[in-house]
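Multiple structures are listed underneath, in structure tokens.
Next come two complexes, and both contain subunit A; in the first it sits with subunit B, in the second with subunit C.
Up next is the complex of A and B:
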């Protein structure tokens, strides 16, 4: 109970930092994930989040500091590469997207695991702080991290507001959008890049393995409550942020626990709570 | 000798996975295999906890139960207008896996699993966990498990070859002939769960996926006949196990990780030569 009061009074500057970081992370993933769920591509988020592992490892090997913008850049590069690979092979071969998703995911992750063992041998087991990347460690967010998390979140929200109409159109009726001259491929590209960005900052809180939940679950909750896209996006962002807050509380009180699983449990409880409801708000 | 055991066990894991993986690929449900490979974790941990490390039945039973929970809850969630299949899979498997990871951290002292172990296993320890029969050393336990499973799989697939073909390629036609698609589907899920559980300890959750999909996907690039897909994918599975082991040996990194990575190299190689070969 003491921990609870101490945490939620936000008097500790470190707590404020972590809470702000995870809430922003949750809000980004929640809102971006909504588009992935609506276009039935939510497992692509899973692929991207597993695939950024080797990118982070390479960035760490090039510049061995455990947190910072270079890890984010490494994550972005690997995430985009995996998305491009999955897209390329599924357009050019007989194989279905699901098979290629699984293939890309496991190959990238396999490379990541190789690199992790390499790092553990060459930089000492103490640098196994990289473990936090697998299952998340919200409490490890520091001032530098918060700076780039904020910048990335600002970019994501700005793009969501700017391109809202185009995103809505390509999500619900890509054929129509194409026919009236909307550049569907470009906007899809932007949307995918934003997803990779959201995932790349999200691993701080939930880790690469469970990132998919942070993309998927908030939008399910909000879809239960509304059927207007802008409202769905807002609720998703809120739900994502709330789960981030709860996750950082767990990470604060139980430092040995990985944060990711707890965030996922919080999210799933919210999903099961709203499943019986159906669209109480909005004009349905 | 240890290296040989590791290659043999890796090969068995890869073979078992590729046999059921082919069917998953044809049925467009590879991601269910991925989900299963994560979802069995809480069941396994509970099995370890209640029945002890050495009691195989408890662990396998717990894992099978968790797999059942996954399949049934995906079916159930899909009925809600809020979730499509992909989001149902993504949601349920992360929840089950999260429960598993939390259990692992809570019971860390009682269970010989740790957080990384569940992701990428530790095939290098395979030769250490030996099976003694009447005091005689019979070799690693994983070897006999894998071999037994392989025998069962070959037998089962031998007799259900036609049924799986029919329900994979043309489910509508099969349904019109009175074939019970759902039953076949559950049957496949049981096989996949069995394979996943046995492979999990050696290669971990994510890398089971590599073995499920890579051999079959590579085989599908150059072959369109079921029998040759089985033959080719089995050959690829063995190549991945052997190549991956030597890659790991050469770079002195994680063996299961490098097997998964090697499966990507193999896929790219087959991709590049696919126009010159037809099997």
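Up next is the complex of A and C:
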């Protein structure tokens, strides 16, 4: 009870950083991930998040400082590259998309693990903690991290509001959108970039391995509770944010408990909790 | 006579597979035109490449006498019903409202006039009572009417419809046909892909018969012949005999 009061008074500045950071991350990936689930491209979230690893490693090798905007840029570049590769090959190859996605994921992730091993052996103490991006380390979110998490979150929410109709039209019926002259490829590019941005900030909290859950699980909850897109997006953002808060709370209260995995476990519990309602309010 | 759609030397291929080979045809305005041919004969490809949704290897397309980009507002495309995910969380009225969207004004609220036109379209396809229903809860025929309602909301002059009668019940087929005759009487041009040969003669003024090449294009009374159908459908003679063409 004492822990509860202490945590929710948010008097500890470190608690404030972690809670705000993970809640914003959860809200971003929950809302933007909804479009992945709706277009049945959930696996792509996994591809992008695993593929970010080599990008961060290369950024670190170029500029060996353990936190900062350069890692974010490296993550963005690698994430977008993997998305483009997955998209390009699934159009050009005879392989089925799921096989291709798994292949792209493995190649990028393998490269990332190779690079991170190289870094660990050659960069001494300066790299300590970089491997946290594998499983996330929310407790390490500092003021600088929170600043760019907030900026990215603001960009994502602003785009979701501004492009709501465009995103809905291209994800529901791209052919029709194109027929009235909507630049479908540009909006798809914006949507993919926003997704990669959400992943790039999200791996701070949950790491590359669990990131897909943060993209996908919130919209499973919201789709069970509604069949209106704007409400689904709102609920997804709320559920993602709430899971960040709860995960932080558990890892604060219980000693030596990791935040990221607890965020994912809280999300899973919410998914189970709403499953009985899915025919009543939603349609999934 | 004015033409609704002019196609010159259009060729489209998917990889090495040739879908359309050197198609040239002209479809008259103010009429109902059917496009027929067996599966894989390039019917959908013809409409999609005319709408610039898939790239053509060569060819020139003019709609209502102009390039597509200049007359986009006056042309409506109705995709195949199976081309979208009907579980998508969107209501009947939301989809019909999409007919009023304009690319440059996607960020602005729709006007009262736009909403009124969408309401009228909803009524014309007899879906008023399903206004707020999620589209996945509808029957196949109702879903098809949602798409046609969206097309009506576009207030176009030329409508290109990809299999509007696929998977619909007899009552809906009749309702859609009545709507099309109504649209025709208002001077609009309708081009649609069709599957059922039995109803061709009664409903279409003009007919295009495809088999990756152009078999025939002309008034239904002239081109709906056994010879042309065999050229398109091959040895399915039994169908021809039943049709008694």
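The rule we apply is simple: the second predicted complex is superposed on the first by the 264 of 284 C-alpha atoms of A that agree within 3 Å, B and C clash if a C-alpha of one lies under 4 Å from a C-alpha of the other, contacts with A are read in each partner's own complex, and residues count from 1 in each chain.
To be clear about the criterion, a residue touches a chain if its C-beta (ideal position, glycine included) is under 8 Å from a C-beta of that chain, and two chains touch if they have at least 3 such contacts.
Quick caveat, the model's predicted, so the values are computed rather than measured.
Per the definitions stated earlier, placing subunit B and subunit C onto a shared subunit A by superposition produces no clash, and the two fit side by side. Shared-chain residue A:100: touches subunit B; no touch with subunit C. When both complexes are overlaid on chain A, the residue A:41 reaches subunit B alone and has no touch with subunit C. Looking at the shared chain after the overlay, A:115 reaches subunit B, while subunit C stays out of its contact range. Of the two partner chains, neither subunit B nor subunit C is touched by A:9. In the superposed pair of complexes, A:229 makes contact with subunit C only, with no contact to subunit B. The superposition of the two structures on chain A yields an angle of 90 degrees at the Cα centre of subunit A, opening toward subunit B and subunit C, reported in steps of 10.
With both structures placed on the common chain, the touch criterion links A:134 to subunit B but leaves subunit C unconnected.
Shared-chain residue A:183: touches subunit C; no touch with subunit B.
For subunit A, the partner with contacts to more residues, out of subunit B and subunit C, is B. Superposing the two structures on chain A brings subunit B to within 8 Å of subunit C, judged by their nearest Cα atoms. Common to the subunit B and subunit C contact sets on subunit A are residues 40, 223.
Contact residues on subunit C toward subunit A in their complex (touch as defined above): 48, 51-53, 69, 72, 75-77, 79, 83-85, 87-91, 94-95, 98, 101-103, 106-107, 134, 136-137, 150, 154. Of all residues in subunit B, those touching subunit A in their complex are 25, 28-31, 33-34, 38, 80-84, 86-87, 89-91, 94-95, 97-99, 101-102, 105, 115-116, 119-120, 206-207, 209-210, 212-214, 216-217, 220-221, 248, 251-254, 256-264, 267, 271. The touching residues of subunit A, when paired with subunit B in their complex, are 37, 40-43, 45-46, 50, 89, 93-96, 98-103, 105-118, 121, 131, 134-135, 209-210, 212-213, 215-217, 219-220, 223-224, 256-258, 260-262, 264-265, 268, 271, 275, 278. Partner subunit C is touched in their complex by these residues of subunit A: 38-40, 162-163, 165-166, 168-169, 171-173, 175-176, 178-183, 223, 226-229, 232, 282-284.
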